[in-house]
Amino acid sequence: MQNAAKSLFILALLATSFPLSAVQLIVGGAHGHATIAGALQLAAAGDTVIVMGGTYREGKLLIDKPLTLIGIDRPLLDGENARDILTLSGKNITVMGFRFENSGISAMNDLAAIKCIDITGVHIEDNQIARSHFAIHLANASDIVVRNNTIEGVPRSEHNTGNGIHLWKCKNALIEENDISGHRDGIYFEFVSDSRIRCNTSRGNLRYGLHFMFSNDDRYEGNRFIENGAGVAVMYSRKVTMEQNEFLHNWGNAAYGLLLKDITDSYIGQNYFVHNTVGIFMEGSSRMQILWNSFSKNGWAMRVQASCNDNRISLNNFSGNTFDIATNGTLVLNEFDRNYWDKYDGYDRTRDGMGDVPYRPVSMYSMVVERNPFTLILLRSILISFLDKAEKAIPSITPELLIDKQPLMKPVRV
Amino acid sequence: MTAMWTLTRYIFSDIIRNKVIVLYAGFQLLAALLLFNLEENPDKALLSLLNIELIVIPLISMIFSTIHYYNSYEFIEMLLAQPLGRRQVFLSEFFACALSLVLAFILGLGIPVLLHFQDMLAFNFLLTGTLLTFACTAIAFCAAVLARDKARGIGIVLLLWFYFALVYDGIVLMILFTFSDYPLERLTLLLTALNPIDLTRVSMMLRMDVSALMGYTGALFKEFFGSFRGMLYTGGILFLWTLLPLILSLRIFRNKDL
Amino acid sequence: MIETRALTKSFKRIRALQQVDLSMNENQVVSLIGPNGSGKTTLIKCILGLVRPDGGEIHINGRAIGEDFQYRSAIGYMPQIGRYPDHMKVGQLFDLLRSLRAKQGGQTDDELIAHYRLERIFDQPMRTLSGGTRQKVSAAVAFLFDPKIYILDEPTAGLDPLSSEILKEKIRKIREHQRLVVITSHILSDLDDLTTHILYLQDGRVHYQASMEELRSFTGEQKFGKAIASIMQQSNR
C-alpha cells in the first residue's frame, strides 16, 4: 500500500517537475511498452523511461544518451547469470528504483549489474543489487553520485567474486549511504580523485571493506567497516582525509582495521577502532596527522613500521588493547604526544591533566613478540608482567625515542 | 569403597568449616564482585579473574593441602589403626581436601562468572579451575608424603609453585628463542602440556580469541584448543597432572613408616 | 595372641628393633617398658601396621599380618597423643567410626563414654577440647568396638587421677574375658596392680620378659617399681 502511494507520489512529482519538452515513456503495466530495450530505443535525450514492477529478462541493456531510468514498484532486471545487466555511457544518466540480480560471473571480464564506461554525470540511486559479480562498476567516469543502494553479494573465493562499488580512473564522485556486503572489496578506488565516500556500511566482504589505491585528494567519512576479511586498505595515495569512520571487528590472521601503505600528507581523525587484530597498520607512510581517534579492544592498537616517519599521533584514546604500539625497529621518527593510555600508571602532581612521567607505549613483551611470535603463548603470564615492569624501570630493548612525554590522565572527549 | 566415601564426607565437612577455606572462598567472591561491578567490560573483568585463577588457586591449593596433610597426621595414624586400608585413608584425605577447595572456587569465582557468561569460555574457566585445583592438591600431597617434616614440605611446595608460576615460563621463553629457526608448533604445544598452570592459561587465552595475534600458528592452536578435542586434551592433560602425582604419592604412602 | 619372630626394623642408622621375639597371650596385661628410644613405640606401630618392618614376622591370633588390614578390627588402639580434625564434633567422631565399621555389626562398648560423660560434649568441636579430654575420647575410641587386643600407649599420661582410675577400673574389668592388654607407660606406679606380665625393651632388644610372679621372685622386690628399677640397674652393669 505504502509502495503504491510512494509510486503515485513519484509519478506526480515527475509530471510536474520535468520540462514540457521531455517525454515520459512507460514500460510494462497495461498500456506501456513491452520491453525496456524498446523504450530506450525510442527515447530521445532528456527523456524519462519509467519501468513498472515486474521481471525483465532482456539481455544486455545499453543507455548511451542522457536519460532518466526510473523503476516503480522495484522492477527486477535479471541477468540470468550470463552478462552485464545495464551498461551506461555518455553523459547525464540517472538510474533509480530497480532491483538487479544475477549478473554473469567471469574471470576474464568484469561483468557487472550496472557498468558505467566513459561517462560524465551519472546518478545511481536507491537500487538493490544482489548476487552479482561486480555490483556497480565505473571506469573512466566523472561527476558521479552513487547513493543509498543496497548491495549484497555471494561470497565465493576472492578471485571469482567482484567488488561492490568499483571505481577506476574517476573524478568527482560521491559514494553515499550505501550498504555493501558479500563482495571481494566493498568499495574499490583506483586512480580516483576529488571524491567523497560518506556514511556507507561495508560489512562482511571477503577482502577489504574499502580498498583505496593511487587515489589522491579524497575524503571518506562516517563509514562503518565491519567484519571484513582484512579491514580497510589505503595504499599509494596522498592527501586523503579519513574522518569519523568506524573500524569494527576486523579480526583474524593478517587482519587490521586500517592498513596504510605509502600514504602521505593525510589526516586520520575521530575514528573508532574497536576489536581489530591491528587497529592501524602503517608502512612507508609519512606526514600523517592521526588525531582524536579511539582505539579499544584491539590486539595491537597500532603497528608502526620503522619505514614511517614524521607522523603525529596525538590526542587519541588507547584502552583495553592487548598491545598499544608495536614497531619493528629501534629508530622512531614519529611523534607521540598527549594521548590517553589506559595502561599508564603515572601521577599528575602538577594537576595539568598530563602525567608527570612519560609513558612508553611499546612494552618489552611486544618487542619480544615482534621477534618471535610463538612467545605469544606466554601472554598474561606472571613472567611477562614482571619483565614489562622491569623494562619500564630500566629500559633496555624498547625504542628509546618512542615515548609520550605528556600522557593524558583522562580520556579525550571526541 | 563405601568406607572411603563415608570418611571423605566426614573430613570434607571438617575442612569446609576451616577458616582458611572460608576466607579463600570469600576473597574470590569479593574479587569477582568488585571486578564485575567496577569494570564496565565483563571480558576485562574475566581476564583479571583469570589471573586469580592462575596465581591464587595453585598457591592456596598447594599450601593449604600440605598444611592439612601434616595437621592430620595423628588422625591418619588413628584411622590406620582401624581396619582401613592405606589407600582408602589417603584418597579420602585427598578428595576431601580437593573437593572443599573446588567448592570454594565454584562459590567464589564460578558462580559470579556464570552469572555474566554462559558460554564455552565460562565452562572452560570452571573446568580448568576445578582440574587445576585437583592437580595442585595432588602435587601438594605428593610433596607432603615425600617430606617428613612440615617446614620442609611447605618449602618444597612453595618452590614448586614458584617453578610452575614463573620459572617455567622463563625456560619456555629461552627455549623458544634458542630454537627460533625451527618450526615450533608442536614444541610449543608440548611445552604448555608440561605445566598445568600454563595449560590452563593457554586454553583460556585461545578461547578469548588471542589466537588472531599469533598469525597462522595461532589459527592452528585455536583450531586445536577451541574445538571439543582441544577441551578433551586440556582436560585430559590436567587430569594426568592429578593422576600421576596421586599414583606416585600412593606408592610412597603405602610403604611409608608413619 | 600377639607373636613376633625375629622382628627387625631400622630407621636410617638407628636400629629400632633387633630380632625381637615375643609372645603375648589372652588374659594378660603386659607392661611394655624401657627407656626412651628403646623401641617401644616402633614395636607398637609395627603391630598396628603403621611401620613396615624390615624383617621378621608378626602373628595376630595365629595369622601373619600382611596386606590385609582386617586383622586390625581385633585391636583397639589408644595413641599417646590423640589429635582429631579441628571442626569435627566429638559425637561425629564416634558416628564416623561406627559407620566405618558398620559391617562388623554387634554391640559397641560405650561404658567409657558413659563414665567419662562424653555425651555432654558430643556437640563440641575437637579443637575446643583440652588435652585431658582428648585423651578420654581416645580411650573411649580404643574400647568402643570391644576388641580382643588393647594397645594403650601411655594411657594415663594426660589424665587426671579420677579419669585415670576409671580407665584402670575398665582395664581390670575386661582383662578377665580372654583379652590381651598391652600398655606402655613411664609412670610405673600406675601400673602396679594391673600388670600381669612385663616386657622390658632396651636398644631394640627384648631384655626381659616375665610374669609378675617371676619378676618378684627374680628381683626379690614386692613393689613393681622397685623390681623394674632393679632390672634396669642389672642391665646397666
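Some points to look at:
First chain written, first letter: the chains are A, B and C, and each begins at residue 1.
Simple rule for what comes next: a residue touches a chain if its C-beta (ideal position, glycine included) is under 8 Å from a C-beta of that chain, and two chains touch if they have at least 3 such contacts.
Remember, predicted model here, so these are calculated numbers, not experimental data.
When chain centres are defined as mean Cα coordinates, C lies farthest from subunit A. Chain centres defined as mean CA positions place B nearest to the mean of all protein CA atoms. Distance between subunit A and subunit B, defined via averaged C-alpha coordinates, is recorded as 48 Å. If you average the Cα atoms of subunit A and of subunit C, the two centres end up 89 Å apart. Centre-to-centre separation between subunit B and subunit C, using Cα means, comes to 42 Å. Contact residues of subunit C toward subunit B in the complex are 11, 45, 48-52, 69-73, 75, 77, 79, 81-88, 92, 95-97, 99-101, 125, 138, 141.
Interface residues of subunit B, counted against subunit A in their complex, comprise 41, 43-44, 47, 50-51, 54-55, 165-166, 169-170, 172-173, 176-177, 180, 184, 188, 191-192, 198, 201-202, 205, 209-210, 212-219, 221. Against subunit C, in their complex, subunit B makes its touches with residues 3, 6-7, 10-11, 13-15, 17-18, 71-75, 77-78, 80-86, 255, 257-258. Of all the residues in subunit A, the ones that touch subunit B in their complex are 251-255, 277, 297, 299-300, 320, 322, 368-369, 371-384, 386.
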